[in-house]
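Both of the next two complexes hold chain A, though its partner changes from chain B to chain C.
Our next item is the complex of A and B:
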């Protein structure tokens, strides 16, 4: 489908609303008689609340109530009632359940007052006495107790194949290395917020920051014993989430609890500091043992991951599937164990497992290539995987070689000398690094509804989210193209739990899943349109089938005689004032299971490292992406740029630091938790290579939300090695590690 | 946030009188630090005296050929002031190395000197911190201390002073003019900030009932050979791990006078005139620079995460002096 709408770099359809402040985010909604809640968080990492004295807060004029475990209403408290669509196996955290403290900064009370400032003041006055227990927050100390979970949240690590031990023992070239990735927090610019509006008759309307309104809806219904239809969740705009909005967060529960008890609207907005009180990317240590022959043919891979989880849920992600996806190797053995700490459960963060696993793997492979004396890009070409070895399936498409070719050419890779420390400019050592990556291109079940009114305006809807990725825009493009209308006549609605069913917005599957549903429902509208057009008096299309016509630019015309046409508006007259209304539920396409669908990336990086001072500047990045058909090159490019910038942050800046004396993450604000600023970001070139995919989904498009980040940090780390000859195996690579 | 009362002061005398009468009062000007600290309950003034309307905004020459920066001149206005840019480019560069455009537009020169440390624990009221709550203990010494001090620390506190501007002022030997109930006095910048000792909750020698009215820059601005080098964890909008204000007065290839002040390493801008003097009448060689760098870091002590700062600071001093030396002299 080469269309007249998709494939164009159109501006975001919601861009004007966003830059004029017209786009409303969860915390910006208000309701008459609204009260404000402010959360009190635990000071200790583990123990019991011996007493909690709220009298001083309650004595303030305007403080309405302070909810704690002592006075919270008796709801249903079974684990199942608190599990959501992204819960790992285990016992989910239940806010205000009892006096037990399971992690530092656990919410232990909600002060509700007439104003935000009063609630915040009241929170200061809540006095808590704790009984301290000893706690485990030191990852390194607890790695000895790592275990294989009963059930993985992610896919179970693949079984070994070949004879990895023997192959490794016999390999002519070997490396062993341990790579460490720190805990990171999502830090979307929009803080998590919920406004719960209690209505007469016990119904609830909730404005929530979430990557799936129906997840919040189900969670509230289950946790509060309500009927799902009595809970209406709305979230039209999300100011970044990166996974932090996949699970309903505690502010939602607390806002609903307070609204139900006080019988008035309650808004709870977390502070930046409180954004560090829930899920995060888990700290992960990976051990590699790799073997190759002297030519650089990969002979054995052993990849063992140790990932952080909480004591109450077994969070895991796909850290160790990447050797089987990215390399052709006959002898592979992988494992993934968990290290349970007294922290909140980790939470999917942009390319969960991929960012971590590909970082480790691509650096370790670089080490092996160096040991074998082979150019790192050549090494990848020699060990190119033609099929997904984990699944034993061919890829639905894989134009990674073309990424290598175009990326290398744009970057000038052929001029690279293998030798580290071979390029210098004043005080700066210059290094060029490479890494490749992949990310799943999954399609999930999704539903959509389309309404074409007689004035020729089309509204398509699905309860998905736009977390800044461009969902509004690309769905509008797909709909406009399919129904043959100008983009301005199409409205896409999302972020409302009453809309057709959607999967969570995450996993890079939204274009694939929701986009396919939108295409399908719009195809049905096309059928209806043709039928109507055929009812027009003396219709030139009377005998035409859908295959015989083009529907574009507001007209239905014969392909072989475009002058013979009926306008969509003329056709709609035949409906006698009735709109065309269609509903679909779209399933993954037939035969898809035979293929393994992945998007791929090749990242080339230049760094300049001040030899004396250890400062690193990422001067150039070329990111070549094979992501199937690109629906909107502009929003697609933005996705990749965002991924590259985050990769720069992950490589050199980001880390949430645990103070093991206090059991508390200590750099919990944007002063101390560093993400890249403009001055850190230099030349970034994004290339989308042509990739045709007939298997992945009806659109032939792969998601792009995550593929942009996965190979950036390893390419930077490899470039730093090339510059300095020093292999830093622990992120972030801050200047002290290079002194 | 705790409630507070607020009053706008009409003149310096009234401001001093008001602050003297109320122990729980604080001045507020740009508010770029104080308001943040009030929101998170680290500072709890019951009364704010708004001094933004006092006539302390001008930048003008002094009788002795120096420059007087009004305490309420904003950091932005100071950095881009023609006289400052021309005669004291070190100061201009230092100011622009800090914060962001938005913050510099609000922050005042006087307020910049009085900003509080950015120690992680000082900002988190759920952790012990002697600076925030005397006697509660220092969490940083055995905790996370990457950003913290390596010089002049005490067993009670290893916080750093976060200002970039103050580091340049230290190198330039600025004088801080203050007014109190007993009249005016002048505090040399070297004596303005304190080391933590056993009273880390007191940042400076400014008395609670005094107000900064101006910062005087001496005539000598070292405009021909200077550098402000700031090393940090990202290229902008981060506090210094180590910063160096370096200035040289050259006579051919011989150093007549050197000034060096370090930021990000101590509770105050770190300057050692005796060590600087080692460079007087010496050749400007890397060896001599390294010698003075070693002298500057003598007695430095790391606390684990910040051990690297000791070597980093030495290298930064050498590089900054080299840069100051090699800069193109503007005619």
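Our next item is the complex of A and C:
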């Protein structure tokens, strides 16, 4: 659907700032008389700090203070005050709370100095004596102690239906398989950073790297016993986050603490190594038992997940909801247990749970399809879910069949032979793999404000974020189209806690939630504009209703006689110099709860595997997406391409390796933690199929930040099986596992 | 500490820093030229790429004492109005998502086109292979360099 603004592939409105070096990120703000903080991290994984000697650091000329658990001021230290909008159930980590070490690289001191170099040097001089305790960081060893949490952060796993045990026992075709993926770190290229500026009268301004400024605002207010209105958090640009900025991180707390104590601005920027000292995608093991009849009809699913968490919070993700979303099956049982380790609590990372659960499920289904002798895409068609079985609700829309059709055609799937190792080119084995995916299309409560000034310029605002998703751009498009202005007359403001209330930017819900609020507030501006236009002397619109008029290109005109029109500027003259100002709070649309809203994907992958060396090249990917209405095809494509690249990383490269002798992640830099690079990325095609959705939200758009990744890693793993005949059930699929 | 006179973006800047200070830190912390980014500090990600006499260099491991009279260009000085063919192509193809690594990508790409105005697909890949982008913009980087090459005189 193409409106006069939405549906158009317009350039990113903040694109120029991003290609000229003009976009400023958290660490790039400064303040007069600013001091620098450098964090000292624990060298042990678990124990107590017996002593911490800061005297050598303090003796340096220019070191202002070293904050530790011994001298930290007495603010509000109850753990509930440290909970934020993305906290799992449990007791959140409190920096410098006491002498207890709960995980390796835990922040245990902050050295504050006149320069960054001095603070860093001072940090080296802090001497710590530890009492070591034994620790649990070995996932495999601790899986026996896996438990069902009192409360899930994610949805509670659905209750079983049908008779899965009996159906499995009687199934003609069966597979049992265990899939796992390792811990992974988000690694945005921008470091986490905060600049805290303490102001006269006890007010605080903070520049922070965060996916929701109001989350930082609330966290600071609670943790420091301040009024929310005295805390102002600003974050206009975020240099990637992928979930790492959902929770306020410890550099924020430490910067605020130091600024408040020293009464001067303090900036704390983490190093790349320290970026591995907080949340990560949890290592997860999934066990499957699947049964089908000889025709390939799915008869039974058993899916049991074991996910890593910390000892102090119960982190969980939606790993086991996917059989009920993606397949039609009469007998299903699932479970999700946690394995608590002495690590920092895992943290949502792009498509948390989906990336994990769909990977395991889609590989296991591929195994079952092979065992039944059915083409993997055909198998999905035969077991297509017409409703969400977990919830017993119809989908708000689901054009996944169209994704199959268009994706298969573009890819040339019909030319595929079922047999593994059947395609070869020189010493390369060629494999074609398929997987499907889904991701929630949730709408949250959000507010927005619109101001249309008498010169015809519109400013719309909401305290959301743009972590690279395109929020600035698509919100401007929605506002411009609704009010009927050219895009250049519209400004969208975000990343400021004083703006109207926003949910966190995550979960692919920003377009759905904030976009609906923007649409609503702009509809109100429209109403006001028509009223003003009707006050113009001899107005041709005097008897018109909103349904009778078009507002576009700066004009309000009658639909059935476009020559009869009033310009927006003429209408605004009637307001006697006053701007039109509207505020709204937008709630999820009525009737939405009758439906299950999901975006869907179908991913087709070609790999070439060098038979002698085991090297894998992902030579072609076709990603077909049913994501509802596409507001901007250009930024939308970018989101899906990025998701595909993330899938390549998960399948082939990404792994944070735990050294169980030290209880520490070993490969904590960009040399040893491998993310996809240019050479990993070859031909990728993105298809958006037409999908109309009247139930999901007023825009009919589903959000695209996560649907692009979920089915990529399994499609690659399945393609590698097709190429080699070898089923690798452990990510990442590195060459040693193929030789 | 020593005083260095640096030729950056056609201007002379002065910085009073230790000789082994990486050029990146001088740019960002001393001179306020924050368009060039820190990403890893070990020359692995390319976010800190600047031009030294027209060649793409990693400023995070380039000591300020080695700069001498070399002409430094940062993203702020690549063009007067942000209208370098690479910048225009980047905008048109929607390369940047979060934008953080893009100064480094653009400086690498523009250095390539300086020495090789019509690169092949393989030459583009070889030139761009050392710049990491976590948003995964690689596909569009390739498209944009090829587009910029058609517009480079």
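What we mean here is this: the second predicted complex is superposed on the first by the 737 of 739 C-alpha atoms of A that agree within 3 Å, B and C clash if a C-alpha of one lies under 4 Å from a C-alpha of the other, contacts with A are read in each partner's own complex, and residues count from 1 in each chain.
As a convention for this text, contacts are C-beta pairs under 8 Å (C-beta built on N, C-alpha and C of every residue); 3 or more make two chains touch, one makes a residue touch a chain.
Everything numeric here is computed off the predicted structure, so don't read it as measured data.
With both structures placed on the common chain, the touch criterion links A:424 to neither chain B nor chain C. Using the contact criterion defined above for the overlaid structures, shared-chain residue A:263 touches neither chain B nor chain C, since it reaches no partner. Which of chain B and chain C touches more residues of chain A is settled by the count: it is C. In the superposed model, A:677 makes contact with both chain B and chain C.
Judged by the touch definition given at the top, the superposed model places A:614 against chain B, while chain C stays out of reach. Contacts of A:141 after superposition: neither chain B nor chain C is touched.
Contacts of A:668 after superposition: chain B is touched, whereas chain C is not reached. In the superposition on chain A, A:120 contacts chain B only, with no contact to chain C.
When the two complexes are superposed on chain A, the residues of chain A that touch both chain B and chain C are 117, 669, 671, 676-680. Interface residues of chain C, counted against chain A in their complex, comprise 18, 25, 28-29, 32-42, 44-45, 47, 74-76, 78, 82, 87, 90-92, 94-103, 106, 125, 128-142. Partner chain B is touched in their complex by these residues of chain A: 41, 43, 117, 120-121, 124, 273, 427, 612-615, 617, 652-653, 657, 659, 661-662, 664, 666-669, 671-672, 674, 676-680, 734-736, 739. Of all the residues in chain A, the ones that touch chain C in their complex are 11-12, 14-25, 27-28, 30, 116-117, 187-191, 237-242, 271-272, 467-470, 634-635, 637-639, 641-646, 669-671, 675-681, 684. On chain B, the positions that touch chain A within their shared complex are 1-3, 39-41, 118, 120-121, 123-124, 126-127, 139, 142-144, 146-147, 231, 233-239, 241, 308, 311-312, 315-316, 318-319.
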